[in-house]
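Next come two complexes, and both contain chain A; in the first it sits with chain B, in the second with chain C.
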Partner chain A sequence: MSVTIGGTMDRTDGVAKVTGKAQYGVDHVEAGMAHAAVVRSPVPAGRLVGVDVGAARRMPEVVGVVTAADQPDSYGGWVLQDQRILASDQVRYEGEPIAIVVAETRAAAIAAAAAVRVEIEEWEAVTMAKAVAGEGHVIHPDWQSYVPTFGVDHPRWGNCACEVRAEPDGVDEAFARAAHVVEDTFTANRQYQAYLEPKAATASYADGRYILHTATQYPFNVRERVAQLMGVRLSDVRVVGKTIGGGFGAKLDGWVEPLAALAARVTGRTVQVRLSRAEDILTCPMRENATMTIRTALDDEGRMIGRQFTCEMDNGAYSGEMPWLASLPLTVIGAVYKLHGPMRAVCRLWYTNTPPTGAFRGVNGVYLYMAQEQHMDHIADTLGVDRREYRLRHLFEDGDASRTGQVLEQAGILRQAFDRLEERAPWQEILDNLGPNQGVGIAAAVWMTNPLPGEVTIKMSEDGTASLVTAANDNGSGAVSMGLTQIVASTLGLSEGDVRASMPDTDISGYDGGSQGSRTTAIVGTAALEASTKVREQLLATAAGLLEAHVDDIELVDGQARVKGSPSATVPLGQVAAAATFTGGAVTATSSYATPPVPFDAGCATGALFTTMCTPTYHVHLAVVEVDDVTGNVDVVRYVVVQDAGKVISPVGARGQVQGGIAQGIGYSLYESQRIGDDARLVERSLESYRLPLAVDIPDVEVVFLENPDPQTGLGAKGIGEAPIVLSAAAISTAVRHATGRTFNAIPITPEDVMFALQEAEEVR
Partner chain B sequence: MQSPVRFHSATTFEEVVDALDELGSEARLIAGGTDVMIQLARGELSPQVLLHIERVPGLGTVAAGEGGLHLGALVTHAMVRSDPATCALAALADAARQVGGWQTQAIGTVVGNIVNASPAADLTPGLLVHDAMVHLSRRGSERTLPLDQFVKGRRETAREPQELVTGITIAPTPEHSGEAFVKVGRRKAMEVSIVAVATRLVVDPSTGTIADARVAVGAVSPIPHRAPASEQLLIGQRPTADLFAAAGRAALEGADPIDDVRASRRYRLAVLPRAVAQALSRSSDHVDAARSVA
Partner chain C sequence: MTSNSVTFSLNGVDRTVDVPGAETLLDTLRDRLNLRGSKEGCLEGECGACTVLVDDRPIDACIYPTAACGGRRVRTVEGLSDGGVPSLLQRAMVRSGSIQCGFCTPGFVVAVTALLERESNPSRADIADAVNGNICRCTGYAQIIEAVQAVVADSLAAGTGQEVEA
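Showing the complex of A and B:
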């Protein structure tokens, strides 16, 4: 049976994954491959006085030891080129690579790495609190010489890696005439991506080229990073993908790949770098910790007439993707609900002596919406208005604009989402039926689909199957193994198993923006639809000749071309493809797609690098929680998601993304504290102390999809994957606030926070 | 590099006690291995031999006998939660149900749990409530110790290196009793207890007052222990929420919890009285439930 859009199909990678046959990054093996162990800084900050590798070199089976002296004199970085592969004269975070030991076996490499002696004159580490206060040493004394990768620099100085500032007129006046002023301060901890497969990469160097095999989410970004850091051309690097054991953003940039490339270059061997779980945690570009203050002026009718927002974000020791994210508050805070006046915003990204932070599903949207929605509850309570009612009164409508001047044409979907939620989970009924220690939270958001380009080539084989060649990759979401496969198969009238996707290879497939920002099914899917439509046209033309019928009378069904209305006049697609191949040429087509730029107000702020939400989506979440008054534990007992999907391509995949996003969001909101000590070291350093929620801690999430097709993407699909996590902390924190009558300003809300609040409340009573 | 550990899987009791006699502390007994393997991986143990006892016959049963219920050394947590003789003993069965996850329960043993002597060993409080006796054997001799004399400190027991623990006996459960286990952890499974409490109440049906009270707490001091101050407060009183709250507060006497990455000392001290009160209230409910069935 032909695959259909909106129908179910098995993931093409499912059997291999379940039977253990899938080849992940850690499984890659090459003849003559050697293994690397990384010598890392034991301290967060200091002057690197010396690295003695003599003893390590003499250890058994050691191939070579690589130090900073062996690396090219070049810098790299996704947004700002502030990184090198190995620390040279300074160490900037605990776990920073200092040397690479290469040996015949992994055990020998690890043993020899332990014999490398590192001498460091330790300095007092700079944490974010110190950086904000202007204390401590300048972590990058050469900051002024760093080159922005895309040519445009942004305001930065000393330990401030990026400052975004919006200073519209009239803010002070709004506060001066306010009937009420509501202010809140929030903090958020880091969150570890905690995928199953720790990072791994294998590199070889031959004939002037680097070849990397790695389970990366973004092969072309890794290619760029390796090229920058090794000081070579982009085309001198080839990146070949492997099955990804999860990434959630942490495998978008090149972290282990440059280490492997450098080691391969210096030793002349194929080298595999594979992190232990402990190393992976210690060095992972986690979702950043942040502090926020949000202050709103209200007039006597309860309308929001002015706002001030500040956000301090922890960049860690190097920037990675982070300078982009410093502008995201402008598109979140002040969107969704109408702000009838100006907003002053200052967002700063701080260098600290901690591991670099980075992308994690939903990026800073998770804590920004948590702040905005808790603040909305605070405002509603101040005004004595029901929380849902207040939100509905001030909800965005079609054509309302965010603080960057982006017009949200379909923002009216928000009201539709509230309505559908009301059908599913009537607000008053929930309030009336809450049990003891229970509370309900409600939250709304606009989110985006990453606009980066993607390319798809479809090739018909003479057996009637289709190859889908793309550098878009499946990080586990099903975006390729279901989404793209489904689009191609349904367009060509093929059955399950008749479309095979290639692994990404930067030498073979066109540029792809990586598996990030919910983009693959919507954006690459547009290219896939276009390429398969072209292939379809070629098949129809050839089949028309074979069947002696008019092109318009032919349909492709179940792997056959047939004349509509006469089921006996058919020809298998294999025969059509073979006929074409040996006459006019093979049946193949390539298409690429990138989201057109979205207009915005260029004068809205200084330093803003990321100014719009492309292919916007709209969401409303509701959470019911129960607080355990013995332990302070919070249990999420009900969770409802109403999500605008544009068009659901793969219902199983879409549902899975929502369930998984909420699971991760519950982790973020209640369990996963990755704390940073005053000494700038991570407090939670293993999965024993870093508490990921378990299946038993997660409710079965109720999902309602809205289908308001996007006018630009091929099938009207919008991004699905990121959005579910974006509102989780907002919905859960407001529910805990309702259950306890207390505001919890720090995410995650831990049992300790709740317990001490309960105790305080008892003492007052 | 350290020399590799030899693994020997014994098939008879004699083989085990002989090997222990010969090797003493150079032999490390391994039952389910859920503690041993982790400690080996962390480099905390370096025995010459891992002496595996899972195939030794006669150690894997729960049997009612003289002096109470006998749990052999190979009785697992999964057996405790499902065996008809133990599944009704909530102080034990609810603890067994919450040791790690199903995998841990399927292979982890109760004896391994107490010999490992973690301050947070989940079965210990329930066993203390049941007056458990520990049976030890070595070549040519045997002895029995009350559990509270067997566990001596964090990872420290009265066991001699030559001794095998063959099993545990718990005293017969009195009539009109009800018991409970409360575990405090951040998740619903796979947690090292932040606080663990086992309680048992015996209520005199003629007076409605508490005839006997047992309160045992884990993870709040180096050794899980009974809380005599709480117990004394309860005996002779009618079960009420206020009484249980007071008994909970009394359990703070003797509690000296640590401050670690899992939970602060302050939190453990805040939770302990509440967990004790909750366990007592559940125990009391169980007495009532037993009475209404009878």
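Showing the complex of A and C:
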């Protein structure tokens, strides 16, 4: 039976994965492959005095040892080129690569790496608190010479890697005439992506180019990073994707791939770099820690008439994509509820002697919405208005604009979402039926779909099946193995198993923006629809000849071309494809798509690199929690998501994205905590100490999808995968606040935090 | 380093390996015997991606010495499908959306197989408990549990109670 849009189908990689046959980055093997172990800085900061590799070179089975002296004199970086592959004159975080030992076996490489002697004159490390206070050494003394990758530099100095400022007129006046002023300060810890497959990459160098096999979310970005850092042309690097054992943003940039490429170049061998879990945690570009202050002026009718917002974000030792994210507060804060006045915002990104931070599903949206929604509760309580009612009174409507001047044409979906939530989970009924120590939280958001380009080629085989060739990759979401496959199969009237997707290869496919920002099904799906429609037209034209019917009367169903209304007049698609191939050449078509730029107010701020939410989506979440007043544990007893999906292509996959995103959000809200010590070292260093959600912790999330088709994408689809996590800390923290009557200003809200707050309340009483 | 000759049943076939005393079962399976379905996620027995059955009990192969396997019956994910034809449980997991990135999946298949071999009608809580040593970072677990419930319902309806190993 033909696959349909909105129907169910088994993911195309499902059997390989469930039987243990799928080949991940860590499973890659090549003839003649050697193994690398990375010598890392044992301290967060210091001058690298010397690296003695003599003993290591003499160890058994060692192929070679690579140090900074062997690397090209080039810099790289996603936004700002502030990185090299190996530390040379100073070390900037604990775990920073200093040397690479290559040996015939992994065990031999690890043993020899332990024999490398590193001499470091240790310095006092710079944490974010110190950086914000202007204390400590300048981590990048050469910061002025760093080149912006996209040509446009942004305000930065010393340990400030990016500053974004919006300073409209009238803020002070708004606060001067305010009837009430409400202020809150929040902090958020780092969150580790904790994908199950530690990072790994295998590189070879031959014929003047690098070939990498790696489980990356963004092959073209890895290609660029390796090319920058090795000082070669983009086309001198080929990246071939492997099955990805999870990424959630941490496998978008090149972290292990440049190490493998350098080691392959120097030793002349194919080299695999595979991180242990301990190394993976120590060096992972986690969701950054941050502190925020949000202050709102209210008039005597309770309208918000002015706001001040500051946000300090930890960049870690190198920038990665973080300068992009420093301006996201401008698009988020003040974009769901009407702010009838100006907002002053200052967002800064600080270099610290900690591992570089980076993207994690929902990026800083998780803590920004946590801050905005707890603040909304605080405002409603101050005014003595029901929290839901206050939100509804001030909700955005169609055509309201974000603080960057982006007009949100469909913002009225927010009210639709509140209405659907009310049908599913009536607010007053929930309030009336809460048990002891229970509380309810409600939160709303606008989120986005990453606009970067993607390309799809559809090739018909002479047997009537189709190949889907694309560099878009399936990080597990099902966006390729279900979403794109489903779009192609339904367009061509094919059944499950008749469309096969390629693995990404930068030599074969056109540019793809990677599995990030929920883009694949919506954006690459648009290209897939176009390409398969072109192929369909070729097939219909040939079928019309074979069936002696008019092309408009032909339909493609169940692997056959047939004349509408006369089921006996059919010809198998294989015959059609073969006839078309041998008379006119291969039946194939390629299409690409990128979301057109969204208009915004260029004068809204200085330093803003990320100013619009493309293909915006609208969301309302509700959480009911129960607080254990003996242990401090918070149990999420009910969680409801109302999510604008545009058009649901794969219901099983879409639901899995919501359930999985909320699980990560529950972890973020309640126990996943990567603390950083005053010495700039990570506190949690293993999966034993970094607590992840287990099956017993996670409720069945209730999901309501709203289908308000996007006017631009092929099927009206909008991004789905990222948004669910964005509101989780907002909904859960407001629920805990309601249950305890205490405000929790730090995420996660750990059992210790809850016990401390409850004891404090007890003492006051 | 001293080596031990160890003989055990692996997916129904007797195998003998010479391994250093400290070698883990996971390294033996992946690197010596080329069975790469069991995954290394943490090397500390936390994540469960390396779960295999030793005498029908799920264990973390990343911290289990191969030397302790002598005379025992070891089953891995490769042994739970019939020549690559998925078992009822495996089919249900594909269908229900239990699989996203799939790196944890072999461990879940093994842990749930062990549960279903000893318990024909597990409750939702039994299922969640049975996979408490297995971390899935993608799915949020609900669709995994539903797959198990579907298999249980089907096998109870069929009146066999034991259809997991196809």
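Definition applied: the second predicted complex is superposed on the first by the 765 of 765 C-alpha atoms of A that agree within 3 Å, B and C clash if a C-alpha of one lies under 4 Å from a C-alpha of the other, contacts with A are read in each partner's own complex, and residues count from 1 in each chain.
To be clear about the criterion, a contact is a pair of C-beta atoms (placed from the backbone, for glycine too) under 8 Å apart; a residue touches a chain by one contact, two chains touch by 3 or more.
Computed from a prediction, not measured in an experiment: that's the story for all the values here.
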| item | value |
| --- | --- |
| Which superposed partner A:A22 touches (first chain B, second chain C, both, neither) | second |
| Chain B versus chain C as contact partner of A:A111, first or second or both or neither | first |
| Touching partner for A:A133 - first (chain B), second (chain C), both, neither | neither |
| Chain B versus chain C as contact partner of A:D629, first or second or both or neither | first |
| Contacts of A:Y671 with chain B and chain C, given as first, second, both or neither | first |
| First (chain B), second (chain C), both or neither touched by A:F756 | first |
| Touched partner set for A:E684, first chain B, second chain C, both or neither | first |
| Greater residue coverage of chain A in the superposed arrangement, chain B or chain C | C |
| Which of chain B and chain C A:V696 touches, first, second, both or neither | both |
| Intersection of chain A interface sets (partners chain B, chain C) | 688, 693-694, 696 |
| Contact set on chain A toward chain B in their complex | 111, 629-633, 671, 683-684, 688-689, 691, 693-694, 696-697, 750-752, 755-756, 759 |
| Contact set on chain C toward chain A in their complex | 35-44, 46-47, 49, 76-78, 80-81, 84, 86, 90, 93-106, 109, 125, 127-129, 131-132, 134-145 |
| Chain B residues within the chain A interface of the complex | 1, 101, 182, 184, 186-190, 192, 261-264, 266-267, 270-271, 274-275, 277-278 |
| Touch list for chain A against partner chain C, complex | 8, 10-11, 13-22, 24, 26-27, 193-198, 243-248, 276-277, 475-478, 652-653, 655-656, 659-664, 686-688, 692-696, 698, 700-701 |
